[in-house]
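Each in structure tokens, the structures are laid out below.
Two complexes are shown next, each including chain A; its partner changes from chain B in the first to chain C in the second.
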Partner chain A sequence: MLGLERRDLTILIAVAVITLFAPIILNPFPTGSALAQFNAGYPDLMQRFVIFGIFAIGFNILFGLTGYLSFGHAAFLGIGSYSAVWMFKLLSMNVIPAILLSIVMAGLFALVIGFVSLRRSGIYFSILTLAFAQMSYNLAYSVLTPVTNGETGLQITLSDPRILDGESSGLPVTSLFGAEMRDTTTLFVGPWSWDFSVGYYFCAALMLVAFYISVRIFRSPFGMMLRAVKSNQQRMNYTGLNSRPYTLAAFVISGMYAGLAGGLLAAMDPLAGADRMQWTASGEVVLMTILGGAGTLIGPVLGAGFIKYFENIFSKINDGILHQWFAFMPDGLENFVVAVIHPFIGKGWHLTLGIMFMLVVIFLPGGLVEGASRVGRVFRRRDRKADHVESDAARQRAAAE
Partner chain B sequence: MGILEVKGVNKRFGGLQALGDVNLSVKQNTVHAIIGPNGAGKSTLLNCLVGKLMPDSGSVMFDGQSVLGRKPHEINQMGISRVFQTPEIFADLSVLENVMIPCFARRDGAFRLHAYETVGSERDIRGQAEHMLEDVNMADKRHMHAGSLSRGDKRRLEMAMCLVQEPKLLLLDEPTAGMARADTNNTIDLLKEIKAKRDITMCIIEHDMHVVFSLAERITVLAQGTPLVEETPENIKGHPKVREAYLGEAQV
Partner chain C sequence: MDAILIQILNGLDKGSAYALIALGLTLIFGTLGVVNFAHGALFMIGAFCAVTLQKLLTLSVTTIDPERTDFLGNPLKVQTPYVENWFGPEVGGTIVDWAVPLAILLAIPVMLLVGFVMERGLIKHFYKRPHADQILVTFGLAIVLQEIVKYFYGANPIPTPAPDAFRGSLDIGVWLGFDPYAIIYPYWRLVYFFFAGVIIAAVFAFLQFTTFGMVVRAGMADRETVGLLGIDIDRRFTLMFGLAAVVAGLAGVMYTPILSPNYHMGMDFLVLSFVVVVVGGMGSLPGAVLAGFLLGILQSFASMNEVKSLLPGIDQIIIYLVAIVILLTRPRGLMGRRGVMEE
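== the complex of A and B ==
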């Protein structure tokens, strides 16, 4: 179905079900309980999960398949955001044209940057992309102020033309043919509360489409050529294949994914700043992809979710909360434990993430996906062992009789 | 006029004259062997034919067209495939995928954005690849990781990848090095079979004289970057110049 084999279809359906029920799954703890701060099911964060999921899925098409490590993909994220905000200012608050322009603009920039950067491979390619991204960042920050509104960032204002929308009394909000992105319905079940937001479901639907396309690319002859680039570019060229347009196509596709992600960020919150293009943002998507499992289908989505969860949840834990948790301990011990944990929480979440990243890279080079499949294998082996024991016992019984 | 005409090719690496005024003419539908001691410049010559190296001077014509200045993939699309001295395969891909890729290259050209199809639905390509693998006795290994093959199997796989393209000219750089005797004989049989089945020109570099004398119709002896003699196998055996170049190397 959908041109997918059974295994891939199963994965797609699983991802669809999880994204559909994410508002419930991500809020396992009753509101107001001590653990409620570990709940991630609020619209703002869920939107980030899927948007950065899209960003990482696209990045994986380039890095996971061809092995070309771009350190400048945040540039396309930023370009997507600026394009979308301009569309909100000039044309309409409808998110569709905004997102379309984001994808197209990011694709065009990717074509130019990719054309130049892909003349080199390995570390030189990475440095070239990094240089381009930093250039874009600095341009957006200063030189291109008329387009990007510099330091303040690009925002919508009451005086914008918005040709298609006509007059509005207050500052308008982004919408999909009238359905406002910020609309949220909250469902209360017993002590739980679940937020179902229009914005989240819009992003989630696009992520599913993006994921589906990436699966198709992975399983296509084109995807096979990209893996061939990673495996042995020399052999590829002596086999009559021109590796350059293949890598360029992968670069542009992944740039368009980044543009879509940037457009969606702006669609959820219509402002765009140069910070979105900074090298830390480019590095983040690299971390997401590697942490989840580069070259795997769902790895990047997992990695994106993981990192965004840490960024938003761990960073909120402070000493006060720690003291609450460890209040049962004698005072001296309590203070000691809090002091030990302190560097890893709040602003220290980067430290925790860094340690986890190192552990994953050293012990699970295939990322979280490899971890999951190892765990799966252990269970399967145990099952088989149990089967063996049973059948042995049966044979012995039969022999005894 | 041969299908491949090499005229006055020179190539220097710093102070080393790797190729000095090489002239070579390979006739269509023949097997032409190039032999010579280690470091004679045999691989360097092949590199100049497939676009890996640019000669300092001279001309290389294939099928009436110059190959010099063309990119490797363009030369391959003209009909020249090459087996390397150290096997060049897609180590991270499966054996079957390794053979499917040249099939795609032959059907779709140097680039095609076939992202909307699936590999699974390409039955023709898959059929071709599986057929080829049967011909080289590797059908049972088709789902193996190519990187985990033995050295001899890697060579056979690389040969399959080249043969499945049905090239006009097949360049083989020591195709049986590292193979067991039985596999060497299989390879000889395979190449003979291919030769009998369709029009193909082969240029083969080999140290194993058994292979050379089983296959070659013409033999060129290269020493220190210069061709010494070009002869038929019968005439080369007792040739004094060859003895000189090979002294103590192999029993010619």
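== the complex of A and C ==
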């Protein structure tokens, strides 16, 4: 179905089901309970999950398949945001034209930047993309202020033309043919409350499309070519293939993904600032992809969700909450435990993230996905040992011979 | 003419910092073949050595002086640093005043230790891994180091003044026959420039004129052969990593009066230093120094008003622009050696 193998189809359906029921799944704790702060099921955060999921999926098409490590992908995110906000200002508050423009603009920039940067590989490529992104960031901050509104960031105002929309009272909101992005229906079931927001489902639908496309790319002959670039570019060139069109195509596609993510960020909240292009933002998408598992289908989405959850939930834990948790301990021990954990929570969540990232790179180069499959393998092996000790022994004998 | 001289001088201090950091980066790259994204963090740790020493020296004991009163009429509380109590106000005051240069003595052992621990504990395991992995793990390490410093010192910049003797500016223009006040240059920046010069000269002399340096240079050229000759090259390279850490740390210590240290200063310098290394040529020490000064001076020229009105925004992008042009026209950088990092 959909031109996918059965295994990929299962993954796609699983992702679809999870995103569909995310507002419920991410709110496992009743409102008002002590653990309610671990609920991630509010629209703002869920939108970020899927939007950065798209960003990471796109980055993975470049890094995961070709091995080219770009340190400047946030530039495309920023370009997407700026173009979307301009569309809101000039044409209409409908999100469709805005997102289309942001994809196209990001694609064009990616074409130019990729054309230049891909002349070099390895660390030089990383530095070139970093240089381009920092240039865009610096320009957006200073000279391009008429276009980007400098430090304040680009916002919609009442006096914008908005040709298609006509007059409106008050600041208009982004919408999809009348369905406002910020519309939220809250469902109360017993002690639980679940928010279903239009914006989230719009982003989720686009993420599913993006995910589907990336699965198709991974399984296509084009994807095979990209993998060939990663495993041995020299040999590929010797067989008479020019690798540059393939890498450029991958770069542009991943740039368009980033543009889409940027456009969606603006569609959920119509403002765009230069800090979206800073190299720390580029570093973040690298973290997401590696943490989840570069080169795997589901990894980047996992990584994006993981980091965004961390950023929003972990950073909210404070000492008071810790004292609550460890209240069962004797006082001295409780204070000691809280003091030990203190640097890693709240404002210190970056520290935890950094340590975790290092551990993943050192011990699990395949990211969380590899971790999961390793755990899975251990369990499967144990099952097999219990069930077919003999056939296993036979296989080993065969392997030995 | 004097305007051009001013810009060259202005470029020198930034250029010195770039050159020192890039020197360490390229030293690590040339010897160990590791791309160290945590090098900016080493620069930052150096700067915080100065902050730490300053804080230690100004640790004070509070005494009550019954003879004087504060503005509320209560007896005045006087804070005297312990140092002044021990050595007398004269000598003690001078020691506190000279905290930044003294921090060099603290920074050298600290940076050596940090360098050794980093190399033996982490980097060692990444020699055989791809460059992307090295970048990623050192990037993670940089985040961790940065956050640790932030935890202990807070997020705000901490002012660390230069010694009194070096405050104020020097009127260089008079020496060269210009009008007074035509070319004015702060003393400390001059000190920084000479300091950078001394460090760079020392590193080069060490590599050029000692047996140890000769072995290291041989190892940089052909590691395998040196190993086959029965020389434990790994141990020497570890020492070079420590040396590179010291260079970065000292660059940080002396930079504190120019820029109040904050926890993300390392990252800010790192990006530019990488560009400097690439422009100079990966693994080339003279290239790193040359490119550092060149880019520093170019940047200060680009921020002249005349240039800015001609090409708006050029001061923001000049370094990156130069890097892009150089990478595309001279892939090996200005002075890159053949066969280093070529795919």
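Following the convention adopted for this analysis, the second predicted complex is superposed on the first by the 388 of 401 C-alpha atoms of A that agree within 3 Å, B and C clash if a C-alpha of one lies under 4 Å from a C-alpha of the other, contacts with A are read in each partner's own complex, and residues count from 1 in each chain.
Methods note: a contact is a pair of C-beta atoms (placed from the backbone, for glycine too) under 8 Å apart; a residue touches a chain by one contact, two chains touch by 3 or more.
All of these numbers come straight from a predicted model, not from anything done at the bench.
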Scan A:Ile217 for contacts with chain B and chain C and give back first, second, both or neither.
first
First (chain B), second (chain C), both or neither: which does A:Leu333 touch?
neither
Per the contact definition in the header, classify A:Val375: touching chain B only (first), chain C only (second), both, or neither.
neither
Compare chain B and chain C by how many residues of chain A each one touches, and report the one with more.
C
Under the stated touch criterion, which partner chain does A:Leu353 make contact with: chain B (first), chain C (second), both, or neither?
second
Once the two structures are superposed, pull the chain A residues common to the chain B and chain C interfaces.
none
Interface residues, chain A side, partner chain B - complex:
3-5, 216-217, 219-225, 227-228, 230-232, 234-243, 245-246, 249
Which bits of chain C are touching chain A when the two form their complex?
35, 122, 125, 129, 131-133, 135-137, 139-141, 143-144, 146-148, 151, 267, 271, 274-275, 278, 282, 312-313, 316-317, 320-321, 323-324, 327-328, 331, 341, 343
Of all residues in chain B, those that touch chain A in their complex:
50, 71-73, 76-77, 81-82, 84, 88-93, 97, 100-102, 104-106, 108-122, 125, 161, 165
In the complex, chain A touches chain C at residues 67, 69, 116, 119-124, 126-128, 130-132, 134-135, 138-139, 141-144, 233, 279-280, 283, 286, 290, 343, 348, 350-351, 353-355, 357-358, 361-362, 365
